[in-house]
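Both of the next two complexes hold chain A, though its partner changes from chain B to chain C.
For the complex of A and B:
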């Protein structure tokens, strides 16, 4: 970690009642640090008025999602070397499709309401977590373990979603993925929520959500699967099952 | 009669838990936080729900507090907890010599402990060091740091507490005789200065407690003590894995989502707004962590960061007891209206809040006892869905 780069962090700024602008901060950084480190350093040493959200610094809380050079990134695990180069300008902006609270911080209220509406699981049995990593081979004891769900509720899928950009009423990728995870068959009350004007039929299968998800949730695939679940449930209703 | 107004500075674990407790005791509560919720030490905890095992030998008071609070949190906030237990494993002969006092101390502290053969331990956790000599299982757990804070904060909000995030305290307001009766704050989102009055101001700023006490002309009651954490990109264990020995650097590995987190180190610092990561400490975590879980060498680091503990009790380093301190500055310095709570650990946030709320209520003559032990917390999402 002895290498030193100089980068310019072009930072989105917006205070209540003011027009948005970009401020440039020139920083000496270690290229192996994270984008969040650079943002935090701006606040610590250059401009105490900068507002941004962050908590865990290791991709378990989902607070620090931002757009980095136009792409949604969980900034606490995004290494500077992977997104910029020595002498370059790196642009950081708040997530799209959320109201801006200030600067890089957005209001998550509406998004969390939707996750609550589908009662997204916060914890679940380990064996239901769909882990693809072959190296952590399962053993029979795993059935007894509980783990935190993969979805960090970071909102990056909402920011990247072309449909969410057209209407704030759309349930959006993470809540639909959470409904798929809970299952229509086991939770029939979800049917009317997802099979609605602002529900799963609005998805255009752009799969931007899956592309930016930092936590392997794969909302795009889950929405496709949820459609199958919904069709199955409706056919079942039709034939009185 | 209007409710007494309490301002809590800091929306880390202690602040949000104190807000929850005081809201239940009928107070009007405002929490002031300079960043967003949990942006300091609390957010960056490794997420160990302590059984007390790590403290049992050297600090029984902390250990007993941990096991009691561990069991309470499992009950009131299961939505944020991986309740999978923990192992203490012996790798070297020197670890084995610690076993006897470890068993005795755990039993004395009421921490359920069972000995496993290496084969039994490997059956439970196939990725731990296959050369282990002995293992013990204890009721550790892990939790999601932000969601734990959100659950307390959301429930507090449901009971009427207000949260002013991105609001930094610039000074304390006084009554002309040196007693604190409010705060001067900068609303950083609106770029506006405000004065807020309160019956009591609670300083719950953890490692930054000295900045607030400094505004009242008092010394820092806390030694900020950062340590490193490294998260690796595979969930190699289902439960916390500790080195069976005196607590030291890099002696614990915790599962979290699809990761394991290895921690930690311990050194003194003064300004803790930004603590850079150092390469030697990253290497140390890899070396020490892979003694417990060799497979860590085949993973990639996913997040590397520093978290700053607020240690109390004078001196520095690991020898300080991890208990917390609550000061009524009227008792200690003759300054009324200011209470400081600092020290402690995430696992003990509820009892820290209880003791702080007891002090606040005694000052105001409020005769309401604490009910947080028996009060299940609402969904952590309530924090975002309930308007301020």
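For the complex of A and C:
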């Protein structure tokens, strides 16, 4: 028989034109359920007007990113036991640095546009993918095989980034990581996009993007690598290479 | 507009709740930067006393024997050491060196700043 907990889900609520507030919902949950299950239970049994984004329920679509007790989490893979305890209050809020559309749902439009600016890859040849411990070495013929890009476009890196909190013009961790993935040498048109006022030099190295990324993209490391790529390209231009 | 400065954004930079070592480094770096900027102005004001003659300067120097001022000086020493070391950490990681060890580099900066401040504390109060 599964364990039962009673928790209070403190949920951010904000509809168009309304001031934000928090609604508390008392829920009986299995502690090994996910945070998204609790949010869905509120919608199913307590308040059908609760608005939130979700789709795949297995960390592939990136739709259900929220702040759980103040920290960005992909709620479909965040187990209740890991973030709360029996009798406690669990706070769920929308991602930061995005306009709130309704309750827990935010407008990701600008973020997607920035990813399009750098032509972020949805899929890539396996031989170019950063895969930990591949079962065997790739050979050039394996280029025919492709895999999904690691980035889920969940926007949690943007939410956690202190610079994105300062300016909406900042390109942001995921688009910069996508630019690094495409490479300045192979795609020189990216140079002017990332080497700009609101580009990679605006990063202040807080590395929150890497800390909250649910998909091991490691945007912080990629931004630093992109800096090396940009410096290399600039030096190349300087010396006419 | 979200790209305009605001007090809320400014204060948001200093909220450590739910944050990670990279952000703690970011926050402390900004606090020490503000402190050192303030100190720079105070320092220039003190040097300005020289223009008023040796008596005025000596009068001010007598203030430095005050324990509160000494603690302030120790805070400046700690801020200088941390801010300098964190600057080196930022330079290294910006060139791709030690990126995956940035948290450990932050901890090392903190430890060295504490040790350095303790050394100066002993010298200042024992001497």
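Note that in this section the second predicted complex is superposed on the first by the 228 of 241 C-alpha atoms of A that agree within 3 Å, B and C clash if a C-alpha of one lies under 4 Å from a C-alpha of the other, contacts with A are read in each partner's own complex, and residues count from 1 in each chain.
The rule is short, and it goes like this: a residue touches a chain if its C-beta (ideal position, glycine included) is under 8 Å from a C-beta of that chain, and two chains touch if they have at least 3 such contacts.
From a predicted model like this one, the values you see are computed outputs, not experimental measurements.
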Please tell me, clash or fit, for chain B and chain C sharing chain A in the overlay. fit
Thinking of the overlay built on chain A, is A:220 touched by chain B (first), by chain C (second), by both, or by neither? second
After superposition on the shared chain, which partner residues are touched by A:204: those of chain B (first), chain C (second), both, or neither? second
See if chain A has more residues touched by chain B or by chain C, and give me that chain. B
Output check: A:56 vs chain B and chain C. Expected answer is one of first, second, both, neither. What do you get? first
By the touch definition at the top of the document, which applies to A:41: first (chain B), second (chain C), both, or neither? first
How wide is the angle at the Cα centre of chain A, looking out to the Cα centres of chain B and chain C, in steps of 10 degrees? 180
For A:22, decide between first (touching chain B), second (touching chain C), both and neither. neither
Please provide the least distance in Å between a C-alpha atom of chain B and a C-alpha atom of chain C in the combined superposition. 18
Any idea which chain B residues touch chain A in the complex? 35-39, 42-44, 47, 78-84, 123-124, 126-127, 144-147, 149, 166, 168, 188-192, 229, 231, 234-236, 238-239, 255-259, 261, 273-274, 276-279, 282, 295, 298, 302-305, 379-382, 384-385, 387
Under the stated contact criterion, what part of chain A meets chain B in this complex? 1-2, 15-17, 33-34, 37, 40-41, 43-45, 48-49, 51-63, 76-77, 101-102, 105, 107-109, 111-113, 115-116, 122-123, 126, 131, 133, 135-137, 139, 141-142, 145-148, 150, 152-153, 215-216
Can you tell me which positions in chain A touch chain C when the two form their complex? 69-71, 97, 162, 165-169, 204-208, 210-211, 220-221, 224-225, 227-228
For a test of understanding, state which residues of chain C touch chain A in their complex under the given definition. 1-3, 5, 9, 12-13, 17-23, 25-26, 90, 93-96, 99-100, 102-103
